[in-house]
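Note that the chains take the letters A, B, C and D in the order they are written out, and that residue 1 is the start of every chain.
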């Protein structure tokens, strides 16, 4: 057995145990902390599988933003209600039986899956030069399967609208009450924020030829926005409602506009004219980054309904 | 005969791993949250620093060395702040809320 | 050298997993949060070691993002101490 | 045994833990954790398959990578929405689950 295999086994065993303990932790705060660790280990899995794009996204979104959302939410809704009654034997065994059956079928099918080769990946790598960018994952996201990414930006937009919809307040981003963040925290944020914005910009720029891109950059920028809002200054609160809406929809509409341009010039939706492909992709990526970052900040800050908080307090 | 640079890398990384081990030991064995914080923050950042130093010796370019040092610098700043915040929250009593685990 | 790096990575992974005890046992929230912090730093070191194994670019950026995001989580944990709120 | 088998079995295990959690958990926060674990399993399966075989020296197949990347973003959107719903339900009714009697 090689050392690498030992690492993989330890990682997978740890991941499974942590996942189970996170879901069934008696105290949901523990569940939230364990979920952060789960995201961290999953990011290590992506590192091991040589998928840095995913590791970046998982580190920023899975462990980072989702973790912050959970930590914040369990403060309000984490109080455990009455314990469930002791289940009958069937009640205990049946979920396990179903889950294990499903998992065994899935894992069994995958273990015995033949490697036939001839994947889409080879086609992508062969034709990446035609796309206008050099990094294959970015090429798939913005060119070869631009449709998916466009609609995915739409999903995020819908989620942001839905989160705003279930709140009681009509203010888009509720302003925090006067907060007394410790000076150490604000001073550290004074260094971390510019560093984070720089790293976000770097990830966006590097995405055209190396791992990184709009999603990862937006996640890092959103994390910085969340940091600011936790320190008592909601980053989007000072914007007028119109500007905020523009930020939210600019990614979706820019993508749509690029698609329509393709339809008019090249006769196919989202096909970019070869000469301008690089530029069009850059503009789309910029707009998409801004929109995703704004949506993620809103998903975090917008969900924190202060009136509800106080009623529950 | 190993390259002296490789020897240095091995030494630094091993020493770094030792400090991580010491930090984990402290977290598991020290009696309360404040002493455990002390173990985590000091031992881990020294450990990370030594690993970074060891790997910087292997780095192919100056840019890679700078990136490694940047990682360590951000880690130092972030963990010093985190240490303060967790200790602050523990001392104010909120973090002391016993939670069933 | 590769075998050495993965060996150290395995060692660090085992220290990380044994640190899980502290998250599960607590007893205070601060204990659990500081263990998660320990995991973050250890994860950064493991990522850097694994990055040495492949020529692929970008793995060090993952470590960079880890360090940055760990701070956000701790602030999310601690911010209730300075948020003046009704009833808490 | 290869790393491929380890990670595919790991994907199966995460699916088991996630499905079991989704079937037994009542608290909305637990449900969303279980859902995230399930999707983690599916993502792992996709990437494990694409990381093996020919051409994998240059990293996994970029197409599933792009799919999983969008999947991660969709997962965080759903998580945020469910958490916002849970807060609202809790504020209005004091409950933390969708069942009539408030059991954990």
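Everything that follows uses one rule, which is that contacts are C-beta pairs under 8 Å (C-beta built on N, C-alpha and C of every residue); 3 or more make two chains touch, one makes a residue touch a chain.
What you see is a predicted model; the values in this text were computed from it and never measured.
Undergrad: Going only through chains that touch each other, what is the minimum step count from chain C to chain D?
TA: Between chain C and chain D, the shortest chain-hopping route counts 2.
Undergrad: With centres defined by CA atoms only, which chain is the most remote from chain D?
TA: B
Undergrad: Taking each chain's centre as its mean C-alpha position, how far apart are chain A and chain D in Å?
TA: About 12 Å separates the centre of chain A from that of chain D.
Undergrad: Quick one: chain A and chain B, Cα centre-to-centre, how many Å?
TA: Chain A and chain B have C-alpha centres separated by 27 Å.
Undergrad: For chain A versus chain C, what separation do you get between their C-alpha means, in angstrom?
TA: From the centre of chain A to the centre of chain C is 18 Å.
Undergrad: Starting from the mean Cα coordinates of chain B and chain D, work out the distance between those two points in Å.
TA: Between these chains, centre-to-centre, one finds 30 Å.
Undergrad: Which chain B residues reach two or more other chains?
TA: Within chain B, residues 74, 77-78, 81, 85, 88, 99, 101 contact more than one other chain.
Undergrad: Could you say which residues in chain C touch two or more other chains, in rising order?
TA: Answer for chain C, listing residues that touch two or more other chains: 16, 23-24, 26, 29, 32-33, 35, 56, 61, 64, 68, 71, 75, 77-78, 80.
Undergrad: Send over the residues of chain A in touch with two or more other chains.
TA: 4, 11, 29-30, 48, 50, 52-53, 65, 182, 185, 188, 192, 195, 309
Undergrad: Which residues of chain C touch chain B in their complex?
TA: On the chain C side, the touching residues are 1, 4-5, 8, 11-12, 15-16, 18-19, 21-35, 37-38, 41-42, 44-45, 48-49, 52, 60-61, 63-64, 67-68, 70-71, 74-75, 77-78, 80-81.
Undergrad: Help me check something: in the complex, which residues belonging to chain A touch chain C?
TA: The contact residues of chain A facing chain C are 3-4, 6-7, 10-11, 14, 17-18, 21, 29-30, 33-34, 36-37, 40-41, 43-44, 47-48, 50, 52-53, 55-56, 59-60, 63-65, 67-68, 71-72, 75, 176-182, 185, 188-189, 192, 195-196, 199, 202-203, 206, 210-212, 216, 220, 223-224, 226-227, 230-232, 309-310, 313.
Undergrad: In the complex formed with chain A, which residues of chain D make contact?
TA: Per the touch definition, chain D meets chain A at residues 1-3, 5-21, 23-30, 33-34, 36-37, 40-41, 43-45, 47-56, 58-63, 65-70, 72-81, 83-88, 90-91, 94-97, 102-104.
Undergrad: Help me check something: in the complex, which residues belonging to chain C touch chain A?
TA: 3, 6-7, 9-10, 13-14, 16-17, 20, 23-24, 26, 29, 32-33, 35-36, 39-40, 43, 46-47, 50-51, 54, 56-59, 61-62, 64-66, 68-69, 71-73, 75-80, 82-88
Undergrad: Chain B touches which residues of chain A in the complex?
TA: 25-27, 29-30, 182, 184-185, 188, 191-192, 195
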